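One chain, chain A, appears in both complexes that follow, with chain B as partner in the first and chain C in the second.
And now, the complex of A and B:
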């Protein structure tokens, strides 16, 4: 069994929805990103404490997608976002403000 | 169209105040000879009022937040404000003289993930810089603050306002920026005092020197030809009817330390006060902002038929300060002339007016 994956929004990212589109800017290199709907949902849910499979499960319930396919796609998306410094990934929950662990 | 252009267009279409310049205070530890502020505290917004304003701006869709003054480090609550702004995920740029930045502050700023810290630096020569700021030793302290920021990984930009005192020094500041790993920008605009006093405009570099600066190939690089070539014809009537004078009041605005909302920091046309109304109500319903938004290049006196109209950098705020927001900004006409050697429509008109009657 694979260990759960946790995702957290990187602290050095600026973000705002401009006309319905989620725009992000990395302070490190001033790169601007536009996230598609799936990536934006993952960004919104990336609290550092909810396992990715639980996030995907919640999204599947909303969008009528099979859990396995959605989880594979989500892993690909979060890895791309992590490669660009937008999300942080871990196999343990992040110590964030308000987390109990 | 790149992402930034796409975002700006969406903001314009949907009336989103994408860029906000917020001055936290007009107090300052320097007394720069060209400064347009009065350096007094006439009742600055409290910490709670500023945090509430940040909530309102985030809800309104503001992405780029420029935090400036006065000197921002005169506010004891600066870090509380910055941390709150970053928690709200604004892209934050600071403007400071860096005199009060020491290692601990630099480290704390580095942890905030700021977009950039812009530092005013007037010369590479300490005596010249200090003669402008009127604060002895400010040059050394500013450079030390900049060095600490860069050392902690903060992106720094040296902003050099050009005036008669330092007209020859921009090369030196640029070289210094390069050596230290900072970006560099230069501006030859001296803004009239907020109370309308225009006496500080006498500090502007003269026209001949301005022409040399604006045609300096080392500054213009690949854009040299495009920037210095005189335009062939004015913008078409259709373009002039569609073109906006600038983003002030459309996707950008300025909030003073007292909660007053203006189209831009250089455009002191009061549109409301967040102490009396919600920001979004001012932004969406202020008659003054509606008035600013209704102006098109085709409405501008003389400008619409001017040969420079297709690439003019006319500032509506400077025009307002010259007496008419639908009129020319002669300061910008002079820049177009310095750049290209071709007088604008309004500059020619002004010069005709100033020819003595006896000559006519």
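And now, the complex of A and C:
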């Protein structure tokens, strides 16, 4: 069994909704990113303490898509976001403000 | 006792006044020449800078990159021709620089970007002009036509700059101000201002045409041209918010134009 994956919004990213779209700006280099709906949902849910499969399960309950397919797609998206410094990934929960561990 | 005479010069750009102190009469004269048309005397400037001149380094540093960072309560700025610190609370700063108007230009621009971001205002790589009492800003990458559209301006148009526009958010909306920062036109703008009526992202093409932009395109266009240097999360977010607020308040459109004077038929040509 693979260990759970946790995702956390990177610091130093400013996120704003513009015209119904989530736009992010990295303060390190002023790069701008527009997130599609799926990526935006993952960004919103990336609290560092909820496992990705639980996040995907919640999303599957809202959309008509199988858990396996959605999880595979979500992994691809979060890896792309991590590659651009937008999300941090870990196989353990992040120590964030308000986390209990 | 040695008496060192001090010179103070007040420079006002965009209604933001800086008092520059120097012990060098030559540098004071250089500043006066550089900022002719933007000089004055105010009782209380918005901030003050003490400039100390230094000789060129024997081996000049190669890198030309500006570095701007926050250190405690101070902002620090460095380039190959100056080092400076600025205290935004005391509104005082000091700089060591070469005897060069370009060094001072750069320093003032950097300080202005930090100050303006806090109030939702900005410097933008853009030409700007006033026609019929309203201001228009023309922005774009180098070569997009900022200077060209300035050169094509009819005689009833007042040029604010062909290089660096000064946009301030006030209680009565956004205003564009003239600046002494000149590009290829090599002449300062008029020291006047007017309510900002439109921002155009420039593109040269086969016809004169104005196209609307999505809010995202507008923000991207503005962010690509707002001047800011610090890789500071708080300041970057302030600049991002300033761009969003500006795009919400002022029409941002794409202006495709042929390099002839007819493009001005599309711009502010109504009373």
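Assorted remarks:
What we mean here is this: the second predicted complex is superposed on the first by the 101 of 101 C-alpha atoms of A that agree within 3 Å, B and C clash if a C-alpha of one lies under 4 Å from a C-alpha of the other, contacts with A are read in each partner's own complex, and residues count from 1 in each chain.
Note that a contact is a pair of C-beta atoms (placed from the backbone, for glycine too) under 8 Å apart; a residue touches a chain by one contact, two chains touch by 3 or more.
Nothing here was measured: the structure is a model prediction, and the numbers come from that model.
Within the superposed three-chain model, A:91 lies out of touch with both chain B and chain C [touch as defined at top]. Once chain A of one complex is fitted onto chain A of the other, the partner contacts of A:11 extend to both chain B and chain C. Looking at the shared chain after the overlay, A:19 reaches both chain B and chain C. Once chain A of one complex is fitted onto chain A of the other, the partner contacts of A:33 are limited to chain B, with no touch recorded for chain C. Residues common to the contacts of chain A with chain B and with chain C across the two structures: 11-12, 14, 16, 18-19, 21, 23, 25, 27, 30, 32, 34.
Listed in rising order, the residues of chain A touching chain B in the complex are 11-19, 21, 23, 25, 27, 30, 32-34. By the touch criterion stated above, chain B contacts chain A in their complex at residues 3-4, 6-7, 10-11, 13-14, 16, 18, 58, 61-63, 86, 89-92, 113-116, 155.
Taken in their complex, chain C has these residues touching chain A: 214-216, 219-220, 223, 228, 231-233, 235-237, 240-241, 244, 247. Residues of chain A that touch chain C in their complex: 11-12, 14, 16, 18-19, 21, 23, 25, 27-30, 32, 34.
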